[in-house]
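Next come two complexes, and both contain chain A; in the first it sits with chain B, in the second with chain C.
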Partner chain A sequence: MKLKRLVILVLFMSGLFLPAAMSIQRFPKPEFESGYVEPVTQFPLPRGEFLIWMDVAVLLLTISLASWLVIKKRSRLGVFWLSLFSLAYFGFYRQGCVCSIGAIQNVTLALFSGNFTIPLAVLFFFLIPLIFTLLFGRTFCAAVCPFGAIQDLVAFKPMQIGAWLNAFLGMIPYLYLGLAVLFAATTTDFIICRYDPFVGIFRLNGSFGMFIFAGVLLLAGVFIARPYCRFLCPYGVLLNWMSRFSWKHMTITPAECVQCRLCENICPYDAIDFPQTKKDPASHRKQINRVILLGLLVPVLVLAGVWTGSQIHRTLAGVNSKVRLVRLLQTEPMLKDKDELPEITAFRSSGVPQEQLVSEVDGIEKDFLKGSRIFGGFIGLVFGLTLSGLFRTPYRTDYVTNRATCLSCSRCVDYCPVIKK
Partner chain B sequence: MILNKFLRLMSIISGTFSIVLCILIIINFVQLKRTDPLNTPALTYLQEQLSKDPGNTALQQEIRQVDLLARKAFFTSQWQIRSGAYLLAVSIFLLVVCLKSLELTTPKIPSIIGTGQTDSLRRRRTERKWVVIAGMLLVVISLTLAWFTHRMLTSTPAEVTSLVNQGSAKNTVNGKSAATSSAISSPADSAGSTRDATSSQPDASDAPPAQNEIRTNFTGFRGPGGNGVAFQKNIPVSWDGVSGKNVKWKTEIPLPGYNSPIIWKDKIFLSGARENQRAAYCFDANSGKLLWTADLSKIPGSPAQTPKVTAETGLAAPTMTTDGHRVFVIFANGDLAALDFEGKTVWTKNLGVPKNHYGHSSSLIMFRDLLIIQYDQNGSAKVMALAGKTGDKAWETARNVKISWASPIIVNTGNRNELILAAEPDVISYDPATGKELWKLDCISGEVGPSVTYANGMVFSINEYSKLAAIKLGPAVTLAWENNEYLSDVPSPVAFNDFVIVVTSYGTVVCYDAVSGKQQWLKELEKSVYSSPMIADGKIFIMDKQGMMHILQADKTLAIAGESSLGEGSVCTPAFGDGRIYIRGNKHLFCIGK
Partner chain C sequence: MRTTIRGTLFGGLALMAGDLLFKEGLPLFGKNTKAGPTVWQLDPAKCIQCGRCAINCVKTPSAVKCTHAYSMCGYCKLCSGYFKPGTKTLETGAENKLCPVSAIKRTFVEDPFYEYIIDETLCIGCGKCVKGCGAFGNGSLQLQVRHHLCDNCNDCSIARNCPAEAFSRVPLTDPYLLKGFGKEKI
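Take a look at the complex of A and B:
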């Protein structure tokens, strides 16, 4: 009886599966034996409000601690360990974002675009290091910035590069800052973020090209300490300006310099100014002429910058995707032949009329003309002021840190034999 | 001291390891970038060999092995880069720790060189010089870039506006001409045919059918324009082929074939073929009587050898078509014939035996007075149009695609008629009047069997192991959405209103929202299906291979309207007349109706 039931059950089950068994596919689906399981699409959640403010609190704490270690404790070791913490927290944990360097663009966009409201935390990230630099010098660079920390970590054989190279490369950050502001103000791009060399390392993910760029920078950083900070960082320009007027800046010696010269070749950033007791050999009259010349030179350079900016504004506008799109159409009036270009396909699928795009681009180009003139003028002013500064002959008897370029790393402090009583 | 030695040794080891690893990763990355595992020369060669000898199972096995090896090598390289990167990170970390520890444990002795009196004035002079050089360099670079930009950009944005307007004007002119020609055909004129004064017709009696004639008849595979939507009404939903319930008549078809019936007024046409026999048949729509048989076994130029085809495709897979004056038939050996409604041959020709390892199956379609033939064979795919009256070539367009078994559709997309074909790798649209390519989209792969379908500005293509692609037409042709969950290798999809129906050959019916691609409903028929679904009278008709017609409401919610058995298997797509369905079974032609 049981057997009969079993047979019926088997026949019934076979009947159930028969249609499926007969429904053969034309080609059988391949059997994947790797055990691969299709991953479920994941969407990252926005960072919680509390965590955002925790980042601001950590920034405030680390920069305060850094300032205390640099100014009060004069501890290179303390600065070193704190920079490791910052690298771990702001670099690998926070994956390099939000960062004060990139915040320049957010602030610019908020100033120039009515549609963008800057998050308060980002504004704090932009302002806090500037305020602290105005008070205590570039302690942010010393131990808080993860970009600086990762470069500082590999600066094993720093060499002092020639004055000419320092002067030449030292102009790049101004250019970078100007371009970053221009592109952010015209809502074109956030180039600081796009070409951030270290974010790929922090996120363990990035394009091959950016990894190579980061690798080259770090490799160069073994011999030329902190190349990004010194010759690229746009935020460094702002910190440089603030630091010049800092209330209490780190000093090499805690008391009176004894001219032991132990510190003179220690600074890997060429940020120690040597004693200068020689007087300018130029006659008084010549010096007055020079001042007049410089007084004229600065506005001339600014005007030259404005003119150059107006000449190059269409080149710079080419970075804007909408401008680029119109130019694609412009270079070839036979629009249909451009159908295969993804930019044109995307534009056409948007349903925006071409006339509207062209009129929008017209506005963008006008913005670029205005922006490029300001940018050119700014660069002209930077060159003018830099040249004026280089004509001055400072008088000093001691070894002192250069407030503008000193990154407050405190390396020199360890070599100073003077003890404050 | 020992610690220092150890740290130094570790630094050397980890440093050397890092450098070697770094080089290996870069080499591996470059190699990986150059590799395309799906198109290795060995694989391409073997595939070419297989296309010449499709039945060679040893070669197929070898291809699978080579393909597997290529894929394995590719993924192994990826794994090596990933693992290498982690190893590199660890070794660099170790190197940095060792070097930093060495630095901390070995105080740097400051070197005091010279007198300590550096010449600041000289230094400043150098700096000034290089700042000036930097400035000049910057100006030179800026002006050079500006010069190149100005040279490249010949016009200002305002001038571009005029260019674009010219382009728009040009399009408008084209649009007008298209509109003029399609005024002939209303927006829903899928076949784009007309009795228009502007079309060059020699005489009114030979004019192509009007739109309403195309709709009231059933002139080709999947109805008007081949789009899967019929306009007939009062379609029966219940019948039984065995008991004869609602079966008006059934007539045996002398020769086998997988083509579907077509209808012109009271005549039904289909074709059949065996190895050395090819024929077209005409049946009386009211009685089922075989009115005539046109023996097309020995037309001039017909090849002596019949091509090898698979049993599933056969020698008479393409469906016939008609221009209202003649019927047109094509067979797997490339024989093409035009017959009048009395069965007399008007003209014949052989297009050359198609290089097709399953057998040619693309159905014929008419556009006005042009007979359009999709001839996607191995190595020389093409689409052509012949004058229906004479068989003279009107146009021919080469297609850079692989073999396909799909059929063309002709639809009016708003302001123009488009002939749309699918074959790996593209869905391509042509002007059916000239054969000029209008657009194409790389969105289909494999051995394409299903034809595309169109509704409301969207084209849908599908193929097994590829994807269901929703193509949005407009100024730009874009992929609106895609889905690869349920794919078909034989039945074509059908789009209607705002949804699209996919029927897989293993019997799953899925309805998607045409705009979003969201699945609306799914039904398992649990039977194989080769026939393409048709929409008629507000219902979807799906014939399974066993002859069961599954009738569902053509709606975004699943509702079953009926199920009726033919009493014999069928793989053909039904044709519709008012109050009737004509179905080709494996042996008989059925007329379903009261």
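Take a look at the complex of A and C:
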């Protein structure tokens, strides 16, 4: 008798709880007698596919035009108007997504993760500026990137900040790029998009913190021109590398430099290299010794970076939501039921066994250890090379643009009195 | 020297692009849908209605809204997605409503059935009604990314904060996922 009751109870319970789990129609759909017609659920469609290809076409067009304006036409005014158009189109109309800077993460994710295929349009956004920079220098920065355009507009009183400060602040982008790649490769986060300062302005909508960040950058940008481009932009690192080896590059003078020094103070980005006289043999010898010493220091810095990377890998892994969840679950006995976090609720209702999650997280932490070591070594290398680069003063007779840091804005062109015959 | 390095860099870029393109077969235009443009999708089966969609979207109000699958609705007089639990009189006063912004319109159809329509201009995507409907009703109210409102951010700010990992990138051609529509897809 007791057993029968138990069986009934179990049947009743399973009958009660099964629908909750599978969401079965509890209340059948009524048969209306009044001739009521049921409304149709609306599914508004996303932006059409061809519009995404239009973005790629606009990118190709603007970057071609920018290269022509910079290299052939040598027109600052043209570059200025084109950058305004890019700000309007890629910034305010397309609202900053997808952009070449953020595409770094999509490419990284696609390279490292098996189940993410990169959309072709995004790949084009990543590749086109790199290819154009290899050919013509950073014309993308000059007139196509909306971030550059908005900062260029506010650069009213640019001042020169000196080689050392430039070099040290210029290492931040490498740090940013390294972290962005590390977090994207481990499917953790897209930090470039997350801490994108200007997208809030483009959308006229965003978090308070990001508005403050954008405001600070734009205010600083009045005096230190384009702070994001020079001291934060991770894509700028790649463009910097490409531009060093570009096929053609903007030149200050169309013909021969006459050493008039008119362009000396005009570059807002400290990207003009001044003439260097030949050093006398004694100090030349001293300089070579210093370079050799710094060259020996580079491997030490790389090793220090690798060591630091393996020390901080657990902290970095803590950014990953799955790692965080496991750490929460392991400290969970201290949490009370009533203030249970939605993450834990969601995990419990998903039916995934905790062991599976723990082993997955072990894998993630191992990836982070490997990634953090590479990241640390990379930063050590950059640090060492930047340091030794500061002591290198190559012999130069003319005023020339620094291919790596020149943003091809063409301001200096207007100040050169030389006319091509 | 410069030419050699430039050539190497070109080669590197081509190699990388090739690796990405050939990873899943050659994505000739339209053939490989996976390589085409994507949009964000919310899987209602994974959603736990934590309420973060309402506060984490970069848009105000959120591009995630309650979507009503009318074909699943029971047209209940006492709708657990509309009324607060423990409501004594089934009247449409604000104190009885679950929805914080009164975005659900309740109209009498015939005894004892009522129709519930979501006003998308008011809905903030908090999911309170979705939770109510799922708990005691048919689950016809579901949260969905409304694609005419979504900016399709590269890094969806809701997806990042979703505790249930209910968000994923899907091909543009198949943007909605809703229970109650045949193979659960639109």
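General remarks:
In this text, the second predicted complex is superposed on the first by the 346 of 421 C-alpha atoms of A that agree within 3 Å, B and C clash if a C-alpha of one lies under 4 Å from a C-alpha of the other, contacts with A are read in each partner's own complex, and residues count from 1 in each chain.
As a convention for this text, a residue touches a chain if its C-beta (ideal position, glycine included) is under 8 Å from a C-beta of that chain, and two chains touch if they have at least 3 such contacts.
These numbers come from a predicted model, not from an experiment.
Once the two complexes are overlaid on the shared chain, A:K421 sits clear of chain B and of chain C alike. Contact with both chain B and chain C is seen for A:T345 once the two complexes are overlaid on the shared chain. With both structures placed on the common chain, the touch criterion links A:H284 to neither chain B nor chain C. By the touch criterion defined above, A:L175 lies against chain B but remains apart from chain C after alignment on the C-alpha atoms of chain A. In the superposed model, A:T393 makes contact with chain B only, not with chain C.
When the two structures are aligned on the shared chain, A:I52 is found in touch with chain C, with no touch to chain B.
Applying the stated contact rule after C-alpha superposition, one finds that A:Q105 touches chain C and leaves chain B untouched. On chain A, the surface touched by chain B in one complex and the surface touched by chain C in the other have residues 20, 23, 25-27, 345-347, 349 in common. In the complex of the two chains, the chain A residues touching chain C come out as 20, 23, 25-30, 32-34, 36, 38-41, 43-47, 49, 52, 95, 97-99, 102-103, 105-107, 110-111, 116-121, 123, 127, 130-131, 134, 189-190, 193-194, 199-200, 203, 205-206, 241-242, 245-247, 341-343, 345-347, 349-350. Of all residues in chain C, only 2, 5-6, 9-10, 13, 16-17, 19-21, 23-24, 27, 32, 34-39, 46, 48, 50, 52, 58-60, 67-76, 109-110, 113, 115, 117, 134-139, 146-155, 157, 160, 163-165, 169, 172, 175-176, 178-179, 181, 186 touch chain A in the complex they form. Contact residues on chain B toward chain A in their complex (touch as defined above): 22, 29, 85, 89, 96, 99-100, 103-104, 108, 110-113, 116-121, 123-124, 126-135, 138-139, 142-143, 145-146, 148-150, 152-155, 157-161, 163-168, 312, 439, 449, 464-465, 472, 474-478, 489-490, 505-507, 526-528.
Residues of chain A touching chain B in their complex: 19-20, 22-27, 77, 153-154, 156, 162-168, 171, 175, 204, 208, 215, 259, 261-266, 274-276, 278, 280-281, 301, 304, 308, 311-312, 314-315, 318, 326-327, 329-331, 333-335, 339, 344-349, 351, 354-355, 358-359, 361-362, 365, 379, 383, 386-387, 390-391, 393-394, 415.
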